[in-house]
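Paired with chain B in one complex and with chain C in the other, chain A is shared by the two complexes that follow.
Let's turn to the complex of A and B:
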């Protein structure tokens, strides 16, 4: 039991450190640009911006909990939102009832996303491809299907009522933020309070032990990639609603950023460790940093530089905690794609 | 026979041959010296990058930062040469760009070797950091008046001529760079202790450390070597394009890794060959150039390549699973 408490406390330390970082960035930016950063308008604009990243990062985190990764989330997001956009423009060419439009978009988009996840699951659990390879391949195929059905151009003319998903606000609270909050609560519940959640943490920590404990590893993998595919599709729908068009190459640069957010949020890429709250804090701190730097007239390129440095520094600082966790959770696994499972320090 | 077929090289070579045969039947002029040289020219840079990526994959790591590193080295070199007015030779540009690549590679080496962080995370971080640093501190403007040395190099041809159909063809001297990188990497991997150590680390990092292999030093070498190769690939690219575009190159990383994996290198480390890697690159380059000849719209390119990756890696994985060998 001593070991369990060590995981928990080390996990909590990471969350505390991250919360401190988030608050520190918020305070620093507020002090640097009080008239700009600390305003309702800025808060609202930030709240419109981060949910699509955050939902994608949650999709990535879910896959990483199993010790895998989902490189197909952007392909999935684009393909599902393109098909949803085509369905909307075909059935509601002149606009229509808002509820019907949204229901159609969600039905088509989320089903396609879930199906993409099933295909990933088949390659990973059925054929036995490493997740990074399977999703690299399927991601390219999903993007490719998106290119073929659209001919490479954007799908435009989405019904006006669909704009609600990405652009409306309820009592000044943006709809995307509400969607994200709902997703975060559901995911936290699924991961912490369901049998699936507990099984995933065990599977991610030690797949062999989970098999010996009688868990169906194949089914766990399948469910996990279905969840990440569905979440990716939801992020895709928000994205096309904000962009008012759908295209096969939207958000390509988001892929590696979502890995960055998940890892900064304390997700262990070897599996078994990761929390919704960590991802929320990580995405908030990066959003504060990015908006604040914008107000300090720092270029987008400098932001990229700062993000990279933040990841490297955060990882280096938490290295000790981390290696302690890997040392006993990673023993005898021999399946991690990276070279950092080391011996005792 | 089954074992021969289970090897990725055989599978990839077969698919490659099929593609070439079918394309040549549809368009007989495909099978010609000009096409061959065109393909070489198109695949040159990707092949140099792929050799570097192969080395990292063999060691059990993964590197997604090499494109940012190449862009940084290429642009910083060109800018320095242009601003100081040193027109210099291509050799100077190669040395400078390779040197900058080496230094940036050492940064990766520090985080992977000394800090012992996961390679994917490290190189994701340095991908952003290098690219951000390049565009913020070095520059973000296109340089179209590249130094004379680089311009002359792009005009230097090993072979040139006209074939029977009247098509002009030429083989750029840049192919020599690829050849040199291939030979040197082959020598390191198969004829030195260092090479054996790289395979050993990829096979099992823990075992390698316990039998006394200086893992950290070898990791520094790997990332420095890949950095140097990438810097060289970057400057060759700029020289052939006769323009230094800081936004170039980045974005290629996953395609290059896909080509290497298609060629049989395993992401779990310890496995991979130079022949396979070159075949993987050749396959992707041939597909990109032959789809239109085959009457397949170029929009289908992604689907074909994605399916090939799934097929090329899925078939051996499926066979391994069926024959009961554990991964």
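Let's turn to the complex of A and C:
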């Protein structure tokens, strides 16, 4: 029984370890640059920076829960924000009512993002393509459409009132942070309290057993990619609001980072394991690290290097966790002889 | 004990374990076990799940060395055993999953290790085929060398694994539950091969808890219980009752738990002329409430395909299904579930369980919709309450339903599967191989549960090739052969031997 309690808590242990890492980085940076890091201005500045990739990471984690991956999130984010930008510039060329502008941007952007997700879902659930290939393909297609629509240049002249989404603050709390907090709460609720949430963890653990249990695998895949597409679109809107323009090749460096954040947050790439809280902690620790390094005058190149190193390190540590889970459960790609006989050593 | 030590002096043992102990997290998995296996000897290692059989295998194969005691190969005590050292000493373990490369051909699988061991860099395809052909020839089987292993039936995969062990100059082949996935005919074939190995002086350690096999193939029996060696001796000193007693530490009654004359309720299921091309044809059957119907057949007889058709997984192409007199179209699993049909699949580990998920989630998997409130929201506490109820009702041995289902033994895992489907309040329960890989003690309990469920008014269909099982817990038994129902008997009107004869296709046509 001792080993079983270890499996149960491995999820929690990972979160605890990650929380400790986050706090450690925060404390280290605060001690190293007390006058710069531990200031309200820096806190606010960080809170403007991370929500866009944090939301993308949540989109990635959701797809990874099924054992799949959504490589089209950047293409989706850019395409939906380009179309939202074109709609805004067409309907509100001279600016306009902030509520109306935001409503239009969200309506167009999120619908396009959701539609991109439906298309991914059709390829994955309908035709049965592996998610990694399907979304790699659709991501290129979405980016391509964005390039064609814009002619490759940026869409500028967004209504001033749209800047609220990415740049305003309510009582010093940045709007993007509020949006991200809302998304995180909603996603945690969806995953923990809905039939979809409970089913998707089971589906990700063993799709074959999920079918035998009467769960609708096709529908679960479809819902998942609709969620990741919609979240990607929301991140895209925040991004263009901060950049004050939309373009087909924004944020391309974020794609693989979101995969790494999801994994650092404890998401198992084989599916069935992953928490919103883990992603939040992973995002915070990386943001603290990059802001702090910036203040230590580490060059931007070195920053990327350190970031990559942290992610690799964290993955190597978590990889041990996966191996342990696979060993104990006999899931993996083959059965361990131990699990097959059901023997309890 | 005296017997063994005297014989051990005659010829050096292939493997000798001397006072081996091993603990995991404070639990003694092996406690002072001594065992010697002589060349050409077929020894059965019997014991329930959790008795330490796997640990013992790992100790002698070097996968997980023991903490104390010594292991000797060919009379030489080994300071430390590594897996490769064990292989060099001729100890080969064939695990349940065979550890083959599913994407490679038969020839590649058989000859690959040998190439690797010899350190050849280049692949000589012709020699590879020769090696493979020779190995298959030694066990007298004919499997196409170019067939891809994943396309082979289970029995052939096993033969490939045995052939591979022979290429590596095996002196002792350990077979871990070799018959768990085999039909009766394939088991007979395997037992034949084991005697051929014996003639060549190769020893076999046969791990099983199927009693019939133990008696038909082994010369010596070693029984483990709770990590201790509790009985050992020539096979003729044991009978099924005493062996079961040693394995479980209690007496198990093998008498039928249901009577052929049990009261039949109203008609539940009527199947007429059901066919699916290439799987089964013209199947008709009736099932009443309170009845438990056994369907026996060899692998490939269409028994699983029939079950999957009734469950809507691979729907039938023609014929009719009536449920409580009403014609029912079952084209999908949802159709079947709406009609109150539940199906506990054949392979618990790949088709049934979500191994890393909690016992609770595994039980609730079929009932999320019922457990959800009006807004489709699921509370974790509701799942826990539901699961705890089933844990208690089916006496699933676990301290908490929050633990992962992989922490349970085979018998308890099977009860989790039963709980999942009973929680959907089915009217018809189809069980495919309900006690595969389940130890003797749990098996009897599951048979009891099946009988109780039928008595409560469920219609139960048990699909199995374990003949004593269907005789024990089914009122009626249908025999399937080549996709057709060829006979039907009451359980008090047929013996195990008659059933076994009816199963094999060389029996005269019914």
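Quick notes on this structure:
By definition in this document, the second predicted complex is superposed on the first by the 318 of 345 C-alpha atoms of A that agree within 3 Å, B and C clash if a C-alpha of one lies under 4 Å from a C-alpha of the other, contacts with A are read in each partner's own complex, and residues count from 1 in each chain.
By definition in this document, a contact is a pair of C-beta atoms (placed from the backbone, for glycine too) under 8 Å apart; a residue touches a chain by one contact, two chains touch by 3 or more.
Quick caveat: nothing in here was measured; it's all calculated off a predicted structure.
Of the two partner chains, chain B is the only one touched by A:304; chain C is not. Within the superposed three-chain model, A:242 lies out of touch with both chain B and chain C [touch as defined at top]. In the overlay built on the shared chain, the residue A:208 is in contact with chain C alone; chain B does not reach it. Between chain B and chain C, B touches the greater number of residues of chain A. Of the two partner chains placed by superposition, only chain C is touched by A:198; chain B is not. Common to the chain B and chain C contact sets on chain A are residues 334-335, 337-343. On the side of chain B, the complex with chain A involves touching residues 59-62, 64, 111-112, 115-122, 124-136, 140, 201-202, 204-206, 209-210, 219, 251, 254, 257-258, 261, 267-269, 297, 299-307, 309-310, 313-314, 317-318, 320-321, 327. Interface residues of chain C facing chain A in the complex, by the touch rule stated above, are 22, 24-27, 29, 49-55, 95-97, 99, 176-177, 313, 333-334, 337, 343, 345, 349-358, 361, 364-366, 368-369, 372, 376-380, 383, 399, 402-404, 406-411, 413, 420, 424, 437. By the touch rule above, chain A contacts chain B in their complex via residues 69, 71, 123, 127-130, 132-134, 136-145, 147-148, 151-152, 252, 256, 259-260, 263, 269-270, 299, 301-309, 311-312, 315-316, 319, 323, 334-343. Here chain A touches chain C in the complex through residues 1-5, 7-8, 192-195, 197-199, 201-202, 205-206, 208-216, 272-273, 325, 328-331, 334-335, 337-345, going by the rule given at the top.
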